[in-house]
Every structure is written in structure tokens, then in C-alpha cells.
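Read the structure below first, then the notes.
Letters are used for the chains, namely A, B and C, taken in the order the chains are written, and counting of residues starts over at 1 for each.
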Amino acid sequence: MTELICTVCPRGCHLKVYPEENYRVEGHQCARGEKYGQEEVKNPCRIITSTVCIEGAEHPRCPVKTNAPVPKQMIFNVVKTLNNVCLRSPVKAGDIVVENACGTGVDFITTRSM
Amino acid sequence: MINKYDVAIIGCGIIGASLAYELSRYKTRVVVLEKENDICCGTTKANSAIIHAGYDPQPGTLMAELNVKGCQMAKELCADLGVPYRQTGSLVLAFDDTDMQTLNTLYRRGVENSVPGLRLLSRDELRAIEPEVSESAIGALYAPTAAIVSPWEYGIALAETAVKNGVDLLLSTEVLSITDESDHWSLQTKDQVIKADFVINAAGVNSDIIHNMVAEPAFKITPSKGEYYLLDKSEGDRVRHVVFQCPTVNGKGVLVSPTVHGNLIVGPNAVATNREDLATTGEGLDFIRNSAVRSVPSISFGENIRNFAGLRANSDVDDFIIGICARHFVDLAGIKSPGLTAAPAIAVHAVGLLKDDGLKLENKEHWNGTRKRIRFSELTPEERAQLISNNPAYGRVVCRCETITEGEIIDTLRSPIPAHTVDGVKRRAGSGMGRCQGGFCAPRIVEIISREYQIPPEQVLQDGEGSFILAEHTKRREI
Amino acid sequence: MHVKIHDLIVIGGGPAGLAAALSAWECGVKDIVIVERDKELGGILNQCIHNGFGLHYFKEELTGPEYASRFIDMLRDSSVQVKLDTMVIELTDDKELHVVSSTNGYEILKAKAVILAMGCRERPRGPIGTPGTRPSGIFTAGQAQRYVNMEGYHVGRKAVILGSGDIGLIMARRLTLEGSEVLACVEIMPYSGGLARNIVQCLHDYDIPLYLSHTITQIHGYPRVEGVTISEVDDNRNPIPGTEQYIECDTVLLSVGLIPENELSKGANIAIDSRTGGPIVNQSLETSVEGIFACGNVVHVHDLVDYVTYESSEAGKSAAQRILKIASSNSADITHSITDENADVIQLINGNGISYTVPQLIDLKVKLHNIEVFFRTNRIFGKSTIHVKAGNSELKRFKRVRLTPGEMEKIVIDEDTLRQCISKGFDEIEVSVTEDPASEENVHFPVEKTVTLGEVL
């Protein structure tokens, strides 16, 4: 059994996950929480947010996020791909910054029009 | 660069600045050498900010004479220089019979020192003028001439005015050794030698080190650290006067006082320490809180916005150490409390010593001993509107707590002794002095300094050399 | 000086001000001005580049800039005016505002209604009184967030975070992802000040130790931070001698609480609740000065922007009702102040376990509806019951699995219950919490685990 705190919403439910019982979950208050509990034990993933350089905009950095969760062990590799990017204003929120980061199939997209 | 100065002043705290100001009246060529990257960074920026009336020093001492004179001079001088000053008067509280005897002693001393207006107050009289003092205070000594001042602005204003009138100032210039060249002095610094006929030692806590470069050791400075609380403006009118406790051998005791900026200052303790130690301590702060509530029980320390510590240049001599210690070499050393009060009088006294020692003094035809600073927050709406229409930079409020505008920040960067650090700006313009302590304005001030001096933000300093705020850029390309 | 008159002035263009202005506009008020001191709208959301916003309000997970842009985009299609780079330096109880900017100089504005949406500021080092030197390298977490996320600077290489507020936790992750080392997060309380999800996603994910019941007892180094001493604290939050540990670092981030920014409110003689640090408000978010409303973090510190939006929309609606009423009757009602001694109000009393409620009182002169009551508890509760009482009778009860001071809670007191109260002549309603008889779940949660130094160093 693994004890977890659910992070799908700010409520922070305290979950118990039983891998030996086909990943049965206790303590969740919604279906998304149940799924989270199972995924978190099988293959924990996270949305990653960071910034990239941008030129010609009102600020020198543009915020970005992954458009899908990335496996936890890939986080540092994926973030490194942002170091070599430099955007040029204008960009629109949702523009792809890095495609298929480290072969995860996940893209980094901008989260602000600048 | 002048080949040889008439006078070199070592140290640009309140003492060096006062003397520079005084000497700037004359056609004398003066240089001030300051080891820090800004002036008034030592004791001058970290003390109780009090202009003492003068009942403390022993009658007949130089300290007594210069304290009372300095207290008289401060009022007009601050007005001329645009320095915040308020004559609040001071109270020394007595809690028992021994204290009452001390008050009598202080009263007699004060009268002997020619302190005007001293009065012993009964318990009722005391509470009538200072309602928040402890019920256990049974009497007080009232000194109407005591005042509060902005000490660093006082020092900066004096030095700036001196520079405006032709005095040279060298920052980040520590004197490493001094050589007697028989007809002049050579002062060795990191990258140059300064020559001067007369040298003044105004090196504060380091004044014994400077003295020992030219003369036999005659005194020793043991810095005495004082820690403080500075409370939010919501506590600023907790008391109306400077409220002291009876002095002990360790100093004037813990005081509670309004500041000219509207805050409440509480402190100091007194702990012998080394020349570098400016750390506050848990024990020191506990002591201050416990002592202060004896005087004013209602102080809310939850409103603290800043703790700091300063060093007093305490020496093993009971008086200030003022005098000629070698030919054409004057010590202004061991200037402990009430040094801030006495400073302008010390300067006048020192000029007398220099004159007696052969320095020729001839008045300048055009000397301007006044200084003005724009303080947006003190203007009327009409004046503000006018100011902004002349220069839009005064329309951008950078420090919201103290209402300091970008125009005022830029003024400090273009003043006779320009600020170039965040705290340098703070000491001149007052930004970051308020309840958020620069949380909001510091990044904006970094930006303005960076823009005006055309240096990258990561080179902007908080205060002293090496006090970098930002590290390198994020997202550096992998090579 | 000439005084310009508007229907509604909103002070602050962050999430609260944006939602309030939009809501008032949607209610039919057209002459609205937002005064914002920054050069852009969005407030703190612009630097909150992490995700997790909007799950309640938009039913999707957004980053701060995305959440802000939803409102900024809607505002573009409205007639709401925005004064950027403009600071309000004075507000009077007569709803007169003195504002300054480089572009428009010094202006005096007046409004039929004013909404306070100034947000909050971070508590600096002073109020916590951490002893030590005064070097560079000490930042509030929000300051560091702005430097790192918007201006693109590292603030240091090795950081210790004091306090476990949400911004501090978020920054622990940000600094780590940017390649800095976060050595510890040090919290004086026996529980975290931030959301549980942030403890997991920002600390646990990156193996950053959280020291509960610990504090920094000395800052070392000059001119730059060189290290900190941390110590365990006793139940009274006093450091325990002998527990000192030295951690070498070049940066200290302070995440030790947020303070509603009410300097302007105090200037307008608005009554402040010492528990929240914000104005006392009624269910319409009206303050003690009639016609001045308040919403968002200026009222009480929220942990979710979604709730700020809900609350601010309500404030916008209330302000709009007032303005439209004035327009229809051609004069302002001479109304009362909710904090007057004989005001017709029901006070919400904080009973056992409650540290504050918002609203603080229910104004019976305002049309009654279901009232959302936000509150925080003053300690951690496991499975527990929230009681709403008047006199000796319990009006409502609510169940919760878990309550912590770090997470704002909400209950709804419905209109019927309120009418019952009024008919019985009650002028106080008490909200309290009791913990249900101990069950296994109440005992231990992994998030509350204190990491001992031995495990880390």
C-alpha cells in the first residue's frame, strides 16, 4: 500500500493505493482522484512550467508549459530543451516552443501572448 | 586630481562630513577619503538618531561643551540643509528612589552644562505629556531641546554640500599607511598616494588604527554594538518624546522614540565586540524588548519592520579624543554618543585647532551652505501637479510605502555624491524605508540604477562592495 | 483642482480588480475605471507561471498568465477604462481618489462606488525578527519569483526557504528546475502554511526536506548570505537550545505570510478586522464606509484565485446595484455604516477552532440570499464537524474530512436559515469546529511528517 496526497485539485485528499489489489484507491472524493492515485503509483507524470527567452517583448522571458504531463523522471531532461530557445515577439499563447520534447511526445507551448 | 591637498580627512561619517562642510567655507583644498563605497555607512547610519540636550556628559569635559553647542547648531543646520529634524524634547524616566537621585544628578549636570529649559517632572506631569509611559514611572527629567533627526541624511547633506562647494571625495579609498614626508603627509591607499599638509583622523571605530599610523598608541577603541528595533508607522506616535531610562555604566540605556520618518525606534543594548560585527542576536533583541516595555508597556513588537545593529566608537578615554597628536595631524577619535549631536560643534572646534596649528583659512567669495531636496510626499496636490508636468518622472511612484517617485530616485543618482546602490538610494531618497522594506520597490530601483548607469542589473549592489543581488541570467544556452 | 467623476473606480488590476470590474460592467455599469500601478494588468498572476489555477472557475487547469488573460481579453471587449502605471496615493471616505502617473500627472477622481482590490504584500524579515547580519541574498519569495520568472535572473545558487507559504513552495520547485539547489524549507509551525498539493509537487517531487517546527535563528555572512542556523522550536515557537544546525547557502527566501494591503483603506477610515488584516465586510462585500467595497486578498488572503474571482464578481455586482440605484433615484441613499453600534446586522462570531470568517457580518438592510462564508481554522482538524449556531440552537452542520489553517474553507448559510434567525431575533451567529471522535485517519498523514536533520544531512 502507498499513501499519497492527491494533487489534481487543491483539496489535497489523502489517498491509499493498493497495487496488490489491482491498484484499488481509498480516500478519493472524485473519479479524477482515483485515476490520479493509480497513475501516481504506476507512472507518475507532471505538467512542467518554465520560461524561455524572448526578444522584443515587454519582458525578457515568456512563460511556457507542457501541453500534457511528462513522466517524472524526464522532468530535468525536458526542461533543458528550453535553454536553446529564443522567441521573437509577437507570440501568441499556445504557440509551440519545443516540439516532442526528448521524444516524450509532449510539446512546450507558450502560456502568454507577448 | 590635485597634486597636494591642504587637508585630507580620513573617514566620511558624520564627523568627517561635518568637518568637510565647515572647511568648504574656505579656499582650502580639502579631500575626504572614505573606505566604503558610499559615505555615512558606519555608525552614522545605525544609531538612535537623537540630538541629545547635553545633561549626560560630565561638566567641564569637551564632550559636555560640544554636545550642548551641537544641539543648538543642529536645528538651523538641518533647516539649511533640508534634513528632517524635529525638536521633540526628551524624558529620562525614574522608577525608584535611586533613579530619582540620578535624575537630580543629571539635572544639576545639565544646569552646569548650560542645557536650557530642564525640568524635573512629577509622576502626574509626566503622564500628562506622555500618557503611554509605564505607571511605575514615578518622575522624569524633561529636556525640551532634545530632538530627533535623520542621521544619515544629516551626514549626506553635509558631505554633499561640502562637495558642491569644492571638496573632493574619494570613495572605496582606504588609507593603508601614512608617511611623514616632513613637509607634508603621504597617505597610501590601494591604488594611489594622497598628499596633504594636514590630516584629520575621523575614522570612527577605526580611529585608533589611524592614530597608531602616526603616533604612539594613546587610546584603544572597543566597538560597542547596539541593536535596535524599528517599528511600523502604526506605532510611530506611541510616544511623543525621546523616552530614556536612567543611564548606567553601559550607556544611556534602552530608549523609545519617534523617528523623523514617522516610525518608532527602540534600542539599543550595549555589547563590546569587534569592528566588523553588525549582526543582531536573539539575546540582544530579547533584552531590548524586555527593557523597553518597562518604559512603555504598550509597544507592539509585532509591528517591527527592521532590526539592525550599529557600532559605537567607544574608547578607554572618558571624553572625546580631540587634539593634535602629531604636527599637522588632528585626531577626532573615540566619538561615541553624543557624537551625532556634537558633530557640527566638533567640526568648528577642529577648524580652530587647524588654524592654531598653522592652516591658512581664507573665506570663499561664493559659498552656498544650503541644500534642497524634492520630497514629493510633502508637497501639496498643486505643487505635485506642477512638478510632474515639468518632469513626468515625478509622476511614477516607485516606493509605495513612503510615496517616493522615480524622479526622486533619479535625483539621488545625479546628486553631488551620487548613490549607486539600492541602499545608497534608500539613504538619500527614503525608498524601501517603509513597512514592506523594499519588497515592492527594490527590483524597480535595481532597474532604474541599471538604466541610468548603463550597467547590467546583476552588477547592481544592495549596499557594500560584493553585495550582489542577482546572479546570472536564467536560460543560458548550452554550448 | 478639477475633480473627475466616474460611476465606479476599481483600485487594482489583478485578479480581484479584473473580475470585479467585469462583473459590474456586465450588470450594466458603463463608466468604470481600473487604476493599476503596474505597467500591465494581471497583477501577481503574471509571475505565477505555474499551473493549477481555474479548476473551480473554468473547470480546467491554467497557468497564472492564462488565467489573467481570460479576464483581460474579456475586458478588451468592454468599455471599462484602464489607467496603467498609475498609483492611488490617497482615498477619502468621500470616495475621492488622488492618483498620480507620468502620463496624466496628478489627478483627483471621485466615484459613486469604489472597489478596493489592492491585494496583499509579503511579510518581510522585520516582523519575524530573524537575528543576524543584513547581507544581500535575502528575498521575499514573490520578489524572487518576479526576478526568475519575468526578468530572467537567478537569485542565487543555494537557497534555504523560510516558511512554507505557497509562493515559497512554488519557488522551491522553480529554483530547482532552473538549476539552483534548494537545501531546505523551514516552517516554524508544526504544519505547513501552504496547500498539500504544493508540498507534494514542489518539495516531495524534488526531495527537498521540509523542517516543521523549525525556524532560522541566525542569518550569517556579509556582504552576501553565507549560511543560516536553523533550530527546532518548542510549542511556544521558542528555539530549543542545542538543536542548532548550520546550513551553508547564498540565498534565503522568505515565505512567511501575506498581509492585506490596506494603507489606502485605513486612510479612508474603513474599519479593519485585526484577524484578517482586511476591511470588515458584509455579505455584499461592502466595507464600513458605504459605497466602498472590497474583494480578493485585500479582504483576506485566499489560497485559490478561483475564490478571489467569485468574491470579486459579487463585489462588482453589489457596487453595480448601488450605482444603478443612485442613477434611478437620482440621489444616493443616505445609508448607514455596518459597523455602527445600532446597525441592523447579524454578527458572525468565531467559535472554537475558527480564526476568522468573511463576511464578518450580515447586513439585514441588504436583500438576503444564500451567503457563502469563507473561514480558516486556527489549527489542524481531522474528520470534523462545522457547527453554525444561534442562541442555543444549532442551525446547520457541515462535515469535513480534514481542515488546516493553510487551506481556506467555505460553507453556505442559506436564506431560509437566515430568515429563521431573524424571526427569532438573534443578532449573532456562531461558527465553530469540533473534531469527530478519533479515527485512524485522524492520526497521521504523510505530508505532516517532520524530516529529522539526520535523515538529510
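Criterion: contacts are C-beta pairs under 8 Å (C-beta built on N, C-alpha and C of every residue); 3 or more make two chains touch, one makes a residue touch a chain.
Since this is a predicted model, take the numbers as computed values, not measurements.
Of all chains present, the one whose mean CA position sits nearest the global mean of protein CA atoms is C. Most remote chain with respect to chain A, judged by CA-atom centres, is B.
The geometric centre of chain A is 54 Å away from that of chain B, both derived from CA atoms. Computed centre separation for the pair chain A/chain C is 26 angstrom, with centres defined by C-alpha atoms. We define each chain's centre as the mean of its Cα atoms; on that basis chain B and chain C are separated by 39 Å.
Across the assembly, chain A contributes 51, 53, 61 as residues in contact with two or more other chains.
Within chain B, residues 474-475 each touch two or more of the remaining chains.
For chain C, the set of residues that touch two or more other chains comprises 148, 151-152, 178.
Residue ranges on chain C touching chain A, taken from their complex, read 39-40, 46, 49-52, 55, 61-66, 69, 148-152, 174, 177-178, 195-197, 199-201, 205, 303-304, 401-402, 407, 441, 445-447. Interface of chain A with chain B (complex): residues 51-53, 61, 80, 82-85. Of all the residues in chain C, the ones that touch chain B in their complex are 1, 37, 85, 87, 89, 98, 100-106, 108, 121-122, 124-127, 129, 131-137, 140, 142-143, 146-148, 151-157, 178, 217-220, 222-224, 239, 263. By the touch rule above, chain A contacts chain C in their complex via residues 3-7, 9-14, 27, 29, 46-51, 53, 58-61, 63, 65, 72, 75-76, 79, 93, 111-113. Chain B contributes residues 474-478 to its touches with chain A in the complex.
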